[in-house]
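In order of appearance the chains are A, B, C and D, and numbering begins at 1 in each one.
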C-alpha cells in the first residue's frame, strides 16, 4: 500500500493545523536554518572542524517532529536531524556546545562529531556515525514499549542511501512482522555523498518498498511542512493504536555539500544546484504564511532578529564554555 | 512486477520440454531422493553424524538446474541443494564422500558438514553454513562476468527464512541496480527450523518483494518440475540477454525435520506432516509421466533398480575411501 | 544442592531471572516453541508467554540491534545467537553500538544487554558450528565477555550479567552443555564478573584457561600430580575485564606460565595474557611463557580425525606442563 | 625518483595495476565520479571507465561479498571501505567467507581480493572516523593484513596484495595520507608481504610498530639518540603473517622490547607480539616487555584535548624508551 500525501495545503485555516502551530513550525525551521548557517561560518573561521547540514530537510523534520509527543516519544534521528532535535527540545546552546566540542555538550561531552545528537531526558537516542544502525534500535525501543504496555512511539530517520544497508531491511521487516509502533522516516535528498539515488536502487521511490514488508509506505513532499506533519500524525495514530509501523519517504533537498569535508561541484551540475534553491522549504513556507496573511514583513523581521539573538547567545555561550578536558578521556567506558 | 508461472502442464508433448528431457528430470529427482534416503539410514546406523535433506525440494531444484548450462553457468546452492548439484554434474560417489567426510570429498575434503557443496570444475561455488552469504557472492560472480564480457549466469538458492538477512537485501538490490545476470531462487518451505514464515515476513510471498528492488518476481509451484524449469529458463534468457536478474520463489515442502539434529514433531502438527506427503513432488511427477504414458511400471522399476545400484555403489565407494587424515589439518590456509 | 548440567544451570538461571524481573525477555531464533536448538530455553515460552520469549526472524544484526534499543528503553533483553559462529552479521551492532553507547553519550545512555552464544567444538560441528569467537570481542572496550566452565559459575554469572549495567557477551561451551555436571544452589548466590577462580591450587606452574579447556587442564594436572608436579589451574571465567590481580599473584607464586585455549593461537586471548605477565611479572618468571591453543586454521573440520587433531587434549596439555616444569 | 605522499603512492599503485591487468577493478562508495572521499581513486574513472571503477550502493556487506564472488570468477577486485570504522557490517563476509574459502573448499576455490580501508586517527575524526581495526583481523587465519607506513612500501605492498592469491586487508593510515612523503620508483619493484623492515638500526632496545606510530617512534628514537640511547625501530608493515624471524632477531640483539601501537591496548596486536617474544626469546630478554598503546576506550574522541590524550605521542614513546633503557 503506497499513500501519497497531498503535497500542498490550500488553506491555512484547515482545521487540523491552527495558525499558532504553523507559526511555531516556521519558527523552528528558521531557527534550524540560522543555526546551521552559523555552523558553516564557524567552520570557515576555523572554529568548528566539521559541519553537516540539515538545510533543505527542515520541513520534513519539523513537520514530523511536531506530530510526536515531546518527552514521551523516542526519536532516533540521523546526522541531518538538527531541526528534529530542536522541536524535541534541544536548545540552541546545546547544539552549539556540540559544534564546538565542549564538555557540557549533552549529546556526547564533545566526544562525537557534531550532529550526532543524543539527549536521554528528551528521549533523543544517541547515534553513531555508522549509517543505519539506529533503525534496529528504533524497533527495539518499540518492542520494549510493547513489553511494558506503554504507547510511546519510536521515530527514526535516515537517508535514501542508507536504505541499501542490511540493517534497514532487517529493522523494517521486524517492525512489520511484530506490528510495532515505529515510524521510519527516509529523508530522500537524491544523493549519498556523491552517489545518486539510481545507484542505490532500481526503483523510483523508497516508499514503494514498503509493500515488500507489509507496512504502509507514504510518499510526501519533504519541502512541504504541513504535508509532512499530516503524514507523521497519521502514522503516529496508527502506531499508537497498535496498528504497526509506517515507512514515510520525504523527498528533500540537500542544499549544501554533503558536509564541510565535501565539494559537491565535482559531481553535481551547477544548474541542479541553482534549480534546487528554488525549492528551499524555508522560503516556500514563508511565502505561504505571507500569502495567507499570517506573517507580514515586519513580524518576520522581528522573528528573524529574535532568532539571530538566540544564535548569537548560543554561540557566545558555547565559545565561553570549557572544552572537554583530557582528564576525562577514560571516563564511562563501563558503568 | 510479479509473474505467476502456470503450475500444471497439461501436455507432455508441449514443444519446449521433450520426452527425453522429462525422463531425465525424473531420473535426477529419483536419484536425489534415493541418495537422500540413504543418508538418513547412514545417520541412524551411526555412520553419518549429520544429514540435511532436499526431500520435497527436488522439483524446484531439478527444474531450475535443467534450465542452466552445465559447466558454464555458476551455481551457488544452499545446503538443501542435493538435486541441484546432481544436475550440475556431481556424482553420487562425490555426494557420499562428503556424507562420510572422506579425504576425496570434492566439496571440502571432509572439512565441512555434508551438504555444503562445492566443485570448481563444475562451477558449483563453495558455501558456508552462514545463511545468505552466497547471495552477494552470486552477484559478484555476475559482475565479473560482465567485466569480461561473458554471458555465464550466476544462480543461487536459499530458504525463505534467509530472506530476513541483510545479505539478501543488499545482494538482490545490487543485482537489480546493475542489471546483472543473476537468478535468485528462494525455496520457500514455510519453515526456518521451527520458525514459520509468518515470523520472517508480514507479506504472503517472497516473490512480491521483487517489486521493491525493481526486478521481476516469479511465483512458481516448487513441486511442479516443469513449471520450475520454465520459470528458470525464462529468467536465464533475460539474464543472458543482459536484461538483469530475476527472483523466483518456488513453494516447496520440507518433507523431513530441518536436519538430523531436529525433531519437528515438537512444532509441527502431525496432520500438517501427513498432508504434506500428498504433495510429494517425486510422486507427483511420476504420476504425470505414467498418465502420459512415458513411464510404465516396468520401466519405472528398471530405473529404480538402476538408481539403487548407483546409490549402493556410491555408498560402498565412500565407505571404502580413506577418512580425511589428521596430517592435513594445517593444509591450505593460505595459497 | 541438586546436580545440574551446565545447560540446566543456565536454563535455571534464565528461569529465575525472568521470574524475578518482568523486564527480562529472550529474543532469538527458535527460542520459543522449539526451546532453542540446544533446548536451553525449553519451557520458558509456556511459563512467560510470547511477549517475553520471542522467536526472531533469521537475522542476527536486528536480533542484537533491537535488543540494544529495548535495553535503552529500560527492558533487560537476552539475545540468543543460535551458534556463536553466526554472530558476525551482528558484529557491527555489538562493536559499533552496544559497546560504545555509554562512552559516546558521555554516560547518558546505557545498554544493559546480555548476548548468549554457544561456542566451541568437539561436537562434530565442523567449520561453522565449532568456532571460538572470544578474542574478537575481548579487544573491545565497553564490552564484557564471560565464559563460565561449570554449572555453578554459569548460573551465577548469568545473573551477574543480567544485573550488569553494560553489554555482556555470555559464552556457553557446547561440549560442556551436557558433559559438565555440578552442584548448583537454588536461587541467588554470587559470582562476580571480572573475578577469576583458582580451580586447583599448585606451586610448580600456573595454567590460565577457561571453558572446555579448563576441564582438560584439570585432567592433565591430575596426571601431573602423579608425577609430583604440582599445577595451579586458574579458571579465568571472565575474559574481559581480566582479573589481573589473581593472574599475577598466581604467576608470581609459581614463576611459570602455561596458557591454554581452544581458540586459534595467533591473536588469541593468550597473547594479551602473556603480555600482561611479561610486563608485570617479568622478574618472577623462570621460564618462557608457553601456549597450547587451537592451531591457526579457520576452525575445526568435520572429519573426526581432523576435529581431534585441532582440539588441544589433556595429553597435549600435560606434555606442555612437563616441558615447562622441567625448564 | 619522484617524491610522493602516501596517498599518491597508493593511487599510482592502483593506476599501474589497473593498466597492467584488465581483471582489476575498484568497487566502493564514492570511488567513481568523486574519486573517493580522500581522492585516492581520483582520475581512475576517466581512465578505466565505469565497468572498472564502480560506485557501489551504501552497503559494506555486499561491497565485500560481491567482490568475493567476482574474485572467484577470476576478476581481481579491490574493495574500498570508505572508513575502516565502517568495515564491521562486512565483518561476516570477510571472516566467515573470504578468509575461509580456500580452507573450507580444500584448496578448490580461492579469493584473490584486496580490501582497502583508511584507518587511524589524529584527523578530528572522532569516535567513528578514527578507529584502528587491525587486531580484529589479525586473529583470523586465511586473511593477510598489511599496514604500510611509507609511500615506498605502500605502493609495492599494494601490488603484492593484488598479486596475492588470498584476501588481503590493506590498511592506509589517514593521518599519513598527506603527511608522509617519500621517494617512489615508477613501475614495479618488490616488497614482500610478511616481511618487516628495520627502519632504524639500534642496539639498546627494539621497538615494534607500524603505521603512524612508526613515524612517531622514529622521532622518539632521534631524541633518544641525543641521550646516547640507541633504539632499533622495526616497521612490521605486514601484521599477519608476522615476520617472526626479523622480530626475534632484533629482540635477541637488543634484549629489550617496546611495542607501540595506536590501537587499544587490551587484546591489541601487542599482545601477540609479546607472547611470541616471551616464548621464543625469553632467555635473551633483559627487561619486562613494555607497551605504549591507545588506551582502552572505544576510540579517540572529537574534542582536540581528548584526541591528543588518546594518541601516543613521540614524547610518551620517548618516555617509555627511557624507562626501558634504564632498566
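Everything below uses one rule, namely that a residue touches a chain if its C-beta (ideal position, glycine included) is under 8 Å from a C-beta of that chain, and two chains touch if they have at least 3 such contacts.
Here the structure is a predicted model, which means the values were calculated and not measured.
In terms of the distance between Cα centroids, chain A is separated most widely from B.
Taking A-C and A-D together, the chain pair joined by more C-beta contacts is A-C. One finds 41 Å separating the Cα centroids of chain A and chain C.
Per-chain Cα centroids separate chain A from chain B by 46 Å. As a whole-number value, the distance joining the C-alpha centres of chain B and chain C reads 37 Å. Residue numbers of chain D whose C-beta contacts span two or more other chains: 56-57, 59, 61, 85, 88-89, 92, 96, 100, 103-104, 127-128, 141-142, 296-298.
For chain A, the set of residues touching two or more other chains reads 108, 111-112, 116, 128, 130, 164-167, 170, 173, 177, 199-201, 333.
The touching residues of chain A, counted against chain C in their complex, run 74, 105-109, 111-112, 116, 118-120, 125-126, 128, 130, 133, 135-148, 154, 166-167, 170-171, 173-174, 177, 331-335. Listing the residues of chain C that touch chain D in their complex gives 61, 85, 88-89, 91-92, 95-96, 99-100, 103-104, 127-128, 135-136, 138-142, 240, 242, 259, 264, 266-275, 277-280, 282-283, 285, 287-291, 296-299. Across the complex, chain A is touched by residues 23, 25, 51-52, 56-57, 59, 61-62, 64-75, 77, 89, 92-93, 96-97, 100-110, 141-142, 144, 165-166, 241 of chain C. Taken together, the chain D residues at the contact with chain A in this complex read 29-30, 32-35, 37, 55-59, 61, 85-86, 88-89, 124-129, 295-298, 301-306, 308-310. Chain B meets chain A in the complex at residues 164-170, 173, 176-177, 179, 198-203, 208-209, 211-215.
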